[in-house]
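Below: the structure, in structure tokens.
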Amino acid sequence: MSVLLHRDTRVVVQGITGHQGSFHAQQMIAYGTRVVAGVSPSKAGTTHLSVPVYASVREAVERDGAEAAIVFVPAAMARDAAFEAVAAGVRLLVMIPEHLPVLDTMAIHTFCRLRGVTLVGPNTFGLITPGESKLGIMPSHIYRPGPVGIIARSGTLSYEIAASLSDAGLGQSSVVGMGGDPVVGQTFTDLLPLMEADPQTEAVVLVGEIGGSAEERAAELVRTMTKPVVAYLAGKSAPEGKRMGHAGAIIERGRGTLESKRAALEAAGARVCEMPWEISAAVRSALG
Amino acid sequence: MSVLLHRDTRVVVQGITGHQGSFHAQQMIAYGTRVVAGVSPSKAGTTHLSVPVYASVREAVERDGAEAAIVFVPAAMARDAAFEAVAAGVRLLVMIPEHLPVLDTMAIHTFCRLRGVTLVGPNTFGLITPGESKLGIMPSHIYRPGPVGIIARSGTLSYEIAASLSDAGLGQSSVVGMGGDPVVGQTFTDLLPLMEADPQTEAVVLVGEIGGSAEERAAELVRTMTKPVVAYLAGKSAPEGKRMGHAGAIIERGRGTLESKRAALEAAGARVCEMPWEISAAVRSALG
Amino acid sequence: MKLYEYLAKGVLREAGVPVPPGRVCQTPAEAAEAAAEIGPVAVKAQVLVGGRGKAGGIGFADTPEAARAEARRILGMDLKGYRVEKVYVEGKLATDRELYVSVTVDRVARELVVMASAHGGVEIEDVDEKFLVRRHVPILWNGEGYLLREVARGIGLEAPWAAQFQDILARLIGVFRQRDAELVEINPLVITGDEVIAADARLNIDDSAVDRHPELERVEEGTELERRVREIGLAYVELDGDIAVMANGAGMAMATLDAIAHFGGRPANFLDAGGGASVEPTAQALDVLVGMRPRVIFINIFGGITRCDDVARAILTVRETRGIPVPLVVRLVGTNEAEGVALLRAAGIEAYRDMAEAARRTVEESRKGRDR
Amino acid sequence: MKLYEYLAKGVLREAGVPVPPGRVCQTPAEAAEAAAEIGPVAVKAQVLVGGRGKAGGIGFADTPEAARAEARRILGMDLKGYRVEKVYVEGKLATDRELYVSVTVDRVARELVVMASAHGGVEIEDVDEKFLVRRHVPILWNGEGYLLREVARGIGLEAPWAAQFQDILARLIGVFRQRDAELVEINPLVITGDEVIAADARLNIDDSAVDRHPELERVEEGTELERRVREIGLAYVELDGDIAVMANGAGMAMATLDAIAHFGGRPANFLDAGGGASVEPTAQALDVLVGMRPRVIFINIFGGITRCDDVARAILTVRETRGIPVPLVVRLVGTNEAEGVALLRAAGIEAYRDMAEAARRTVEESRKGRDR
């Protein structure tokens, strides 16, 4: 089992003939992801990486039964691509692009809600069900199937942690990237219940950071969960009012501090690690 | 049992001090509806019909736990009133006004969907759970509690039919007015499953009319239902291209004809009566 | 509210949709002048019904004199019951291909829907479904290109027309939303050389939204009687029978017509006196019916909010003031039924309780009338 | 992108929000001229930080001469690290009451949220929650009055101010949406007599949306170094320590700072070299770090998409071209780790595998540097 993404999930890659799209589509196919089609209006009718390239997502849905779309187009075209995928009827939409205007993300999010589509991202590394399928830009080799679910705001930091878990013999059930933007489709609060319900998952690692209140909200849920939650929160040394790489990683007017997040999670019973390299031992001990 | 409306449903009346709002609020209270508050910005702070009058729906929700709102304001203010009720957190919204621009109704409908609110109307007579509560402008005395669910596009015609059922000893479980507009919140398709699931309901009467394809859509569901469905469809003599009183009752370019609706419902196993006075016998015979 | 072609095209032109140059004219002389300015023209009857072309309502003219002659022929002609008062004199288009495109409301999806076809120039109901492309316009749609591309591709358009078509489609959706339309239709949308241009246009405005569009010219529709009754605030449709009908509520009024037809009668009108009508409007409505000089008048009331005694009073008022010189059949049940029935009986009018019986009796009376 | 007050007010004025008359001035003479035109004025330092008033960045002047003096005092002053280059000379308001109102994004609800308070004039973080009214703006909100009324009532406004406040609020939401803002704030929104008017204004534009707003004047923010690094396309924040840091990915870069602090060191910067950076930008980034003249440079790479051999090559390039005159600690794991480590080792640089060990070593090196 796993959340959101399975070995049979049929995927269409939007922007498959672009530099980034092509590279990652190839990586996904190599990992076992069932990529059934790509979209690239200017290359419609050709074949790329052995899959058909269409002018629209609709064709991929109608002809090849695509259920999930992953978007690799420039930020300026991302809203159009997202609306296209949702209107065409996919159930899962992964938005890789960074630098989407927040109002665009809000519109995409709302359209997804109206059509019952699960939005992951934007500005996410995607999600992976180790050993089954990946839908994103994460390095494939660091993951192992196993009992730990990971939900992360940050890509590379989650890779660091996933790799350390794998090294410690702790594989992963599902790893989902929330995305580094202030407004994203799936947050801890949306994903924790899926992890709680997933029979394969035995413990959950949250990789949070400064900015917003996603971790404080998560704490409310952690309180009710039966599975142990271990967290690492980045940005303790970040000054107020500065964006730390992610558009969403900013302490504004005293809100979004690490202290607030740590306190909420600890009060809810999560184990909050001081440093990323402490995670695997904490998970090991939580699993008993 | 009943659908959507129960004796305990806490109701706020928007426009309670207006001519129509005041009259019908009084009728509702007399029927037993749990009217907990009214809204009328210019009369805020007063008491009307023994309930508090507020400036906003939010106050009625926060102070008196209102869960349902019924709107009696002029069409030009209806969108504002509807948005107010939905934003304030009611779960059921009944829109009595006629002559709402269709684009306004579409916006209200979408906002309701996003917030999980059940919209009835606009241009509806409302809904009633005989013997428990009414939320609308229907005459109270014609209904009796019983086994027949009624879903109607038209008010007075449904009164005629409800009265004839009551006269024949066939009471009603729930009577819901879809509304006479082209776009409405609840259609046959939304309501039939509720009737099917309601243990009190043993048979369903559909009161349809020309225009649109709500009856054809309903037929698809009728096919799957375990409870008998009896229908009367008005407008057999209506000419093409003319609005017959309801904004939604119009045959446009060959679409929305009675023949199409009758054929679909009959093919799905519904009994379609030729004249309204045949309904009660048909229901009696359907109930066996 | 339906707009005349020339008004619809004015709105489209303002919205940036390419339309040919044109002028609305009320006399042959004006038409000649317009043609002198424009060059070869089409002279088109301005009426609110489709199928003008087949009915002879469109002519072509290469010279001002020919335009004058065409205008003379068309102005004043009767097109499907409508007298032509104006013609639109418009630059003639060299047509390579005719497309169809429209925006309307999908009641089921509660969204706007775009329909398009590569086979334009005929009425949409005659276009085979398989040549029609349908795409919903999400309420959150704000110009995203996917929708426009899908429609253009769906009807097989390529460069250089696809981009123009997409631009036009986006503008049509904009017009629909900004003007509270219920139909925006361009048929045909013409390809002429490298250009895409609207040869004909329909723009119907949502009646419920007309009041918030003071910028739109008002167009009166329907017969004079229909307009007069609507001004009282009642829903009224003229039919071609001899039984005048009044009922309360749209559904009841439709069912009343159906009941009359059921017994072999022919209704003269649809009239919804309102679900909660009081004495005054009911009397006004009845007054209209009397003025129609039908063979019989049938009043069918289920008193819910409407009170039967109010209806009875309205009937008696009209009888006393202007008189009711034709047979009157009244069916009266519901709220305050006893009072209403008593009032009528005191005045010598017998009311029915049963709708079927009343309708049957009405039809019998109409036959008697015919025999007289 | 934060706009200066005078730019923010220009946008608000254009949107129909009442603001006092004002002129932006770069010299005392201009300020005197502006005051001569306007009358009694406030002379306000134009800087992108809050709390100007307390820091002496605002003065008042009843005469042109006084305005000149105030401008002379304020221009060139240092306000929280920013040199004042411009003052805004603006009509002085007689203030009866000070309100607060803002529009921002609620990340959790994924909606805009309005905040308002009857206790304006102080920083919003200092306003007690119980005096704050918060209302979400649904994405489908299109001017519906309920929202405006609820906010006005929530802060206790009555006629004649309530209607003006509601109008202003609607316009602020409009500005937010039309300009892709991330914050629109008026603090204080002043009541003076019967009027409601914006005395101060903040307008921050979503950095991701600035490109689609060519109509807005560009405002550069941050230190010179920050601007220069951002121009390379990298996320960079200047800090006050002595350890220069580079990592790939925002989360890794933050965690790297935290690790340094954990071992008692003080990072000099945040630098995210990107999640999939190649040789060239990595070399550019390293070049910047060398130029900062830190005590140590710490490079912390988890090679996912980033290839360790690329990072090694970037390091060697910089060392060969401009030289790296300070101790360098490299932690390198992940994709192509072996090649990367071998390349560095061949050049005499030992790479760490373990982040903790590398961070500890970095901090030790920085202490050594201090002892030197």
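Order of writing sets the labels: A, B, C and D. Residues in every chain begin at 1.
Basically, a contact is a pair of C-beta atoms (placed from the backbone, for glycine too) under 8 Å apart; a residue touches a chain by one contact, two chains touch by 3 or more.
As the structure is a prediction and not an experimental result, all values here were calculated from the model.
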Checklist entry - For chain A, which other chain has the most distant CA centre? => result C
Checklist entry - More contacting C-beta pairs: A-C or A-D? => result A-D
Next on the checklist: Between chain A and chain B, what distance separates the C-alpha centroids? Give it in angstrom.
Outcome noted: 43
Next on the checklist: Roughly how far is chain B from chain C, centre to centre by C-alpha average, rounded to an integer in Å?
Outcome noted: 27
Checklist entry - Just curious, how far off is chain C from chain A if you go by their C-alpha centres, in Å? => result 53
Next on the checklist: I need the residues of chain A touching at least two other chains; which ones are they?
Outcome noted: 107, 110, 114
Next on the checklist: Going by the contact rule already set, what residues in chain D reach two or more other chains?
Outcome noted: 139-140
Checklist entry - If you look only at chain D, which of its residues touch chain B in the complex? => result 135-136, 138, 140-142, 144-147, 149-150, 153
Item to check | List of chain A residues in touch with chain C within their complex | outcome: 41, 55-58, 79-81, 83-84, 87, 107, 110-111, 114
Checklist outcome for this item: In the complex, chain A touches chain D at residues 75-76, 99-107, 109-110, 125, 137-139, 141-142, 152-160, 163, 180, 182-183, 187, 207, 209-210, 212-214, 217, 232, 234-239, 242-249, 253-255, 274-277
Item to check | chain D residues touching chain A - in the complex, by the definition given at the top | outcome: 105, 107-108, 110-111, 123-125, 139, 177, 180, 182, 206-209, 211-212, 235, 237, 239, 247-255, 257-262, 267, 270, 272, 275-276, 302-306, 333-335, 354-356
Item to check | Residues of chain B touching chain A in the complex | outcome: 110, 113-114
